[in-house]
């Protein structure tokens, strides 16, 4: 039994929102929006992220690599190139990989003293 | 690698409930129920929403457009025509599009001082 | 465009747990575990639920109907026949329908003053 | 109508993180990360879990059994052999079974007085 090549190459996360402020010690309690990407393959995954908005053209592509047999819990907060992700703004994202990966979307919202969490496996398509 | 035409044309969200009251500054902290819709196509998506209830006939259709290469984070609270969504009432919804889209369901519950969040990719079918 | 017959006839929810106690006004803030079922068909759905446990044989079947073009937000707390759902006990469930339906799993945990929420579309199979 | 053999044999959970500390009475309110596994088959499921990390080789396999017609709500906190799951560290997991099962991922985060919850059906593949 092996888990090699599990996943899909095209993923979408319609929900995206990075709050403008946080509450609690950083970086652990900083409000953040995460795409957790798992690459079970024996080769590196080259990943291209595009951000969609309500009233402007898409941003990107943002390029990231997930090495072979590794996971990357990518914070959208950390995306800088070609442009940072605007705070307090609705967005959505697509994640395209050259090899099958699995993507899970998680948000920690710490605008208030007690955190709130959400998570879902993203929408995947072959 | 392109993300064009990712998604499905038929979606369902069995869970729906808009609390009767909120806590915190509006509109950001208003209790709300959202269908985040992503349209990666080069053409606009024409979307038809139907609401289902426990003990009455369905309401709708509610018609909304999501422009090409845009996302819409639609608050059910804002649906007005043909009728507003009743508060404090169980409902469910179907979302039908003329082109493939992706739908994610999110709720912010601010009935209490500390918010709670839930989210899931909706159920999609070709 | 119609949403008729969307869904699947076999669903599973591996996570199940009804806390032993609650905090806040009942019934709204009573800790509860819900299977939200949507029936978009023009005929009633006859549904059979089985509960699985860690260290005893399954319980059920529990029989419920969801009328044509209605949703039922079924609280596991309310299941009584053939036996109530034990509190403070891990369980899982399968939901079998004679017509296609969609199932979403939600929990409100009010053991503490501020509620926590979780939700996911259940696992569906044709 | 029967629910026998519902599920898939290969599952992935890209998100994984066990907080370093908790708040509240143990074991109920101990921060934990859970894979809820449901086996509806008439035979036992032999399950092999592999953990993936950001900057080191995978750990495992961890071997667990889920008896016929039982559910196991497995806490990653409890995995000990071949090595415990590091706290405060990003990880991901794959879950491989010899018979079809269903897997749901849940986290209770009790780092703060009021708990936060997340849950999603894991990513399954035949």
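Letters A, B, C and D mark the chains in the order given here, with residues in each chain numbered from 1 onward.
Everything that follows uses one rule, which is that a contact is a pair of C-beta atoms (placed from the backbone, for glycine too) under 8 Å apart; a residue touches a chain by one contact, two chains touch by 3 or more.
All values derive from a computational prediction rather than experimental measurement.
When chain A is laid over chain D using CA atoms, the rotation angle comes to 90 degrees (nearest 5). Where chain C touches chain D, under half of the residue numbers in use are shared by the two copies, so each contributes mostly different positions. Chain C and chain D, compared by their mean Cα positions, are separated by 21 Å. For this pair, chain B with chain D, the centres built from the Cα atoms lie 30 Å apart. Each of the following residues of chain A touches two or more other chains: 113-114, 116-121.
Of all residues in chain B, only 9-10, 12-17, 48, 50, 52-55, 57-58, 90-92, 94, 96, 98, 105, 107, 109, 111-114, 116-123, 125 touch chain C in the complex they form. Residues of chain A touching chain D in their complex: 1-3, 6-7, 24, 34, 36-38, 40, 69-73, 102-104, 106, 113-121, 124.
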